[in-house]
Amino acid sequence: MSFEDIPVDIGVVYEGERVRGKDMFVELGGPKMEKKFELAIARDMKDIEDEKVTVIGPDLKDMEEGSYHPLAMIIEVAGKDIETDLEGVIERRVHEYVNFVEGVMHLNQRYDIWIRLSKKSFQKGFDSLEYLGKVLIRLFKSEMNIIESIQVTFITDPEVVAEKYEDAINRYNARDERARGLSDAEVDTFYGCSLCQSFAPTHVCTITPQRYANCGAISWFDGRAAARVDPKGPLYAIPKGDTIDEFTGEYTGVNQAYTEKSLGKVNSVALYSAFDKPHTSCGCFEAIAFVIPEVDGLGIVHRDFKGDTVNGLPFSSMADSTAGGRQIPGFHGIAIEYMRSPKFLQVDGGWDRVVWLPESIKKRVEQFIPDGIGDKIPTEEEAMTIADLKAFLKQKAHPVVERWVEIEDDDELPEVMSSAAGDYVSVPGELTAMVGGVGGGLEIIFKNAKIYAEKVIIRRKDKGGKKK
Amino acid sequence: MTADKDEKTTSLDDMFGDFAELILENVTIELDELRLAIRPMVQQAARSVGQSALAVPKSLITSKFEAPIGEYSSIIHEVTIGATKGEGGTRSSTLTIGGHTTPAWDLFQSVPKNPPVVSADVFDMKISLAKAVKMHYKEVLEDPAEWAKLCVNKYGADAITLHLISTDRLLKDTSPNDAAKVVEDVLQAVKVPILIGSAGDPVKDGPVLAKAAEVCEGENVLLCSATVDVYEEIAEAAKKYDHVVLSWTSLDINQQKELNRRLVDWLRPEQIVIDPTTAALGYGLEYAFTMMQRMRLGGLLGDNELQYPISSGTTNAWAAREAWMKAPELGPRELRGPIWESVTALALLLAGNDLFMMLHPAAIKTVHDLVNWLKEHRKVPEEDYHDWTSISIPEGV
Amino acid sequence: MAKLPGPLDIYPLLPGTNCEECGEKNCMAFATKMAEHTVKITDCTPLYAEAKYAKKLAKLDVLVRPPVREVVIGTGDNAAAIGGKLVLYRHDLRYSNETSFFVDIQDTLDNEGLSKRVKAIEDWTYVYIGQDLRLDGIALRGVSKDPQTFAKAAKHIAGIANFPIALCSLDPKMLATAANAIADKRPLLYAATMDTWAEVSEIATKHNLPLVAYAPGNLDDVATLVNTLRAVGVEDIVIDPGTASKAGLGTTVDNLTQLRRASTVNEVESLGYPILGSPISVWADHKEGEAPELTKWDEVLVASAQIVRYSDIIIIHSLDMWTNLPTTFLRSNIYTDPVKPVAVEAGFFKYGNAGPDSPVMYTTNFTLTFFTVESDIKQCNVDAWLLTVDTEGMSVQSAVAGRKLTADKVAETLVEYGVAEKINHRILISPGMAARISGETEESSGWTVKVGPKDSSGIPKYLQQGMWKEE
């Protein structure tokens, strides 16, 4: 793959470069434009012309230095392994690829895109969107071999952009709905990811339609696309196998993958519990669901949260217990997207078990918190000590309060006392007493005694054979 | 019984019915009065409990030790390097490594089928070497064939690694054809198996190894190396001319597994040896050590992407400044350097490494010695366990 | 395989009062740290002080007891804690309590000789990645075979040494006399054997001293001896299954492996004790007039094999730098926490005659990264500056992905080391792997960022060609 015909340099080296206002030739999309978008669409082979680049409206050479223009970028792809479900995965790469171009900066995605071209690059000859189209086509084809045919259209004509805008928005919404609507039961294959296994040799990340990858970066669709593009790469298929328990999220295929890839350490995983056979984490989870035993609930904290949480521990302290590929009940690495899933911690009680989370996270997942429970879960604004937390939960009658009654009723285990000395004498193994005295031996008299035994076996020496 | 606190005690028959035994768990019994008449056997139990702390055993309490046999579901592949006349080559010996069924040196469970081997480094151009090394090779530095002979005949190398570093565009940019001529020279000079090392130049490595593979057809050499960036051309050449490939990654187990996955598109498992990269003692050795242990265990426990014998660029030990720097207060360099390479090798030997690529003659000998000492399950005669508490060691030593 | 308890297993056995006496905010925090084995159960003073927690303490003690018990030799700050191992493989968690190096002294030396050697042992040091490598203890050997001489030497050493002491003799009378003399220093008694266990164990229990159970070459004998000593009431046992070198090295390594597997994998509680190795044994083969280097070479090999394979304490002789550097480095490497990468100090480093117009590069403080970059800079004889950013020991690529190497962090580091005051220009060369944050870094720092090569091997060419100055 060569870029010799492109007037500027192309490479990873330019990924983070910024183009400042004073250095820019033009700005496309961005905050000054109301409508702009980038969109990937899966088409049939016959409906597109491979490697065709179209520019509708003024091209770069027609624009005035320092001007602002709307932009729509439409990437249409086809191939026997291409489907609508892969559009999001493909579209997400536009940001990366556009940034590889020297002197071109691309920010955000979807209907928020913001692109700037530097004066320097324009002067070097990058004066047409055709060049950008060529670069995109070559990168897409070389990195994603499932794309057999691709065509790119740039629209800078404000009227045409406006025309196509609503369609784009509808497509994004449909995609999101589909992504959230797909259930584990509807698919045969989950995806495993080994990207972060290096320091956690027993960790296997299982990505399902309803369980996002811990790092927050990979959805089931991403897994599917990646495994298709590169079956030998870090994302691989995990055949679901038989459903052992759909509620807890136990599948024979997942258990097998774990057994094979975890140096034999983990054999059984329930995908939707933080306590019972929990899914493991390596070190790059977005957030932690951590147990707060004083209220028998789970708190949530994310990596960017600064300072201590309600239990006095910051993210970094709890991260140690969460990481390392071990099944540690009560310290569960999760993605924020997982909190939007209908199966979120469902074995443990789902949102009814969540007792604290940061304000910023609450806002992000607000729509997905079931009715009625949201107000009962405090954030750092309402509770920052266990005492305050308890009071808040009680006052709001949070469902977790019902669990507390059991804890209070548990008395301390009674101790064995001998009526005389007061010292606890433990008897190793068994103590067999023949009741009823038959000549010789001794008689022990207990008065006002409380005897605790782990097991009392009353054996009848004559009758029957059954045991109760 | 506590459950029935309020009921009158029923008859035994009522309690038992057809059952012979009632087992009550976690029972708390509250009593006003209970009389237990205890037979002599219980008395004895009570007494022995009280006295056990004071009684001293009169003689040794004979016990047995149970060997901690582990369970491993898979076997590491066996890979052979080199080919004799009957096999299509011109070597007088071949090397076979791998075949493990248990973790490294768990002699109590099994003895290694193929003991580890050492290949000596030879370079196709004069390079700068630490003084402690140069003193052994200074006459052959500009003659790879003689260099190879010296390593085999004098230093007992089991194989030769010919590093074609002159092909690096930043060094001499030697062409693949010219480099291949040196390969032929070495093939003529020695009859041990040959390993061919490229320069680490991403543009030249593929063509250089491909050409070397061609001129070595039939010899079953080890092509070093395929990496995640450059592997297709090398794998193709290995397939075409039937050689073995070194799958080399940078201390990243996932990268290693990925590269191995890709290579099997061209190669049989018996054509792959893996190298996770060796970092020097003191400068990352523990990463290599742990990676090797994890890979070996993973392979034995069923991960088929890790069931390959392992190789180490042990010469990297010389990157540690302590190995070569001039510092009399740290002891003589003639000892410091080779012991550095030896200890690096020993740690990795214990981790499961099968093929050592080494430089200093004393270190090479040490590894050979270590392998001979470790490889058999021997009963050590009693007299070989010395009473070190009473031996006299000369003063000042 | 022994399963290490998690925070939820530990928490119910703590008082649950959140009293903060342990130094943690609450009991859960303490429980999580106990699960990571970064705090000790003794830090929870209420558990020990209050009778009502006796049962919980007893249970907790058993729950968190490492498969290999910890034994303490000596007293005070320099006491050597050995054993306390939690796992068989370091990648399963980490190895705790580095192998203790006890260096020998012969009791036949006069007082001046004894003092000199004690000083040499205690002063031995080398600075490695910011830590002072040191030896750990003194093994007094009863070469004289005379109890009085042995005891006198012990007393003299005990009077001047800071390091803990091991009293080494297979003769019970020697041990008895010396132990009487210096019991308050809590020396390790080496050793009780299949023949001497009764007498020697009495010395151990009388003074409450740790005791080595020595039964060479036969693991059934080891089991027998250890079980007998346990029954007799010896609590702090150290196991020596015998060290044979050369042709016996394989068996030596195998016995160490079997013992460690027995306690960590098979959970044989009765063998869960620290192990002792004696590389010094090689000196029995040293012939008079022979070059000591050969014997020292063998000692290093045996010591290295034993450090890697489960020995918690080794007895050595050589004090040479060339023998002890590789072994102390090896020990340091094997005992590094595999999850926490090794880091160097952050800072601003000068190479060659770098001045205010020389190029400025930055990198992370992961040891491997730093040393590799440093070596590549040095190789090319260009005067340059290197700013090392604290990314908690992560490599460039990991730190960018893990958000530890950020534009703000780089900007902060530039300010922290006053780089702007030392440099005339404002061009910062970033590692190729940090290209993604180059723009942001320009904004945060105000410097112009030039993205350098992806691999540090490209640094010589990059610097030599002056590419960073290009507009």
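Residue numbering begins at 1 within each chain, and the chains themselves are lettered A, B and C in the order written.
Just so it is clear, a residue touches a chain if its C-beta (ideal position, glycine included) is under 8 Å from a C-beta of that chain, and two chains touch if they have at least 3 such contacts.
For clarity, every value in this text was computed on a predicted model and none was experimentally measured.
Trainee: Counting C-beta pairs in contact, which comes out ahead: A-C or B-C?
Mentor: When the contacts at B-C and A-C are counted, B-C has more.
Trainee: In terms of CA centroid distance, which chain is the most far removed from subunit B?
Mentor: In terms of C-alpha centroids, the chain at the greatest distance from subunit B is A.
Trainee: From the mean C-alpha coordinate of subunit A to that of subunit C, what's the distance rounded to whole Å?
Mentor: It comes to 37 Å between the two C-alpha centres.
Trainee: Centre to centre, by mean C-alpha position, how many angstrom separate subunit B and subunit C?
Mentor: 22
Trainee: At least two other chains touched by the same residue of subunit C: list those residues.
Mentor: Correct list: 91, 338.
Trainee: On subunit A, where are the residues touching two or more other chains?
Mentor: If we look for residues of subunit A contacting two or more partner chains, we find 201.
Trainee: Pull out every residue in subunit B that's touching 2 or more other chains.
Mentor: 294, 297
Trainee: Okay, in this complex, where on subunit A does subunit B touch?
Mentor: Where subunit A meets subunit B, its residues are 194-195, 197-198, 201, 232-234, 259-261, 263-264, 414, 425, 427-428, 431-438, 440-460, 463-468.
Trainee: Please output the residues of subunit B touching subunit C within their complex, sorted ascending.
Mentor: Touching subunit C: residues 53, 56-57, 60-68, 70, 105-108, 170, 200, 279, 281-287, 289-290, 293-294, 297, 319, 322, 329-332, 335-336, 339-340, 342-343, 346-347, 350, 366, 369-370, 372-380, 382, 384-395, 397 of subunit B.
Trainee: Residues of subunit A touching subunit C in their complex?
Mentor: Touch residues, subunit A against subunit C: 12-18, 105, 199, 201, 275, 283-284, 291-294, 303, 308, 311-313, 317-318, 320-321, 323-324, 326, 328-331, 386, 413, 415.
Trainee: Under the definition above, what is the set of subunit B residues touching subunit A in their complex?
Mentor: 1, 12, 15-43, 45-46, 49, 252-254, 257-258, 261-262, 265, 294, 297-298, 301-303
Trainee: Write out the stretch or stretches of subunit C touching subunit A in their complex.
Mentor: 6-8, 11, 18, 25-26, 28-29, 32, 35-36, 55, 91, 93, 338-339, 401-403, 432, 434-443, 451, 454
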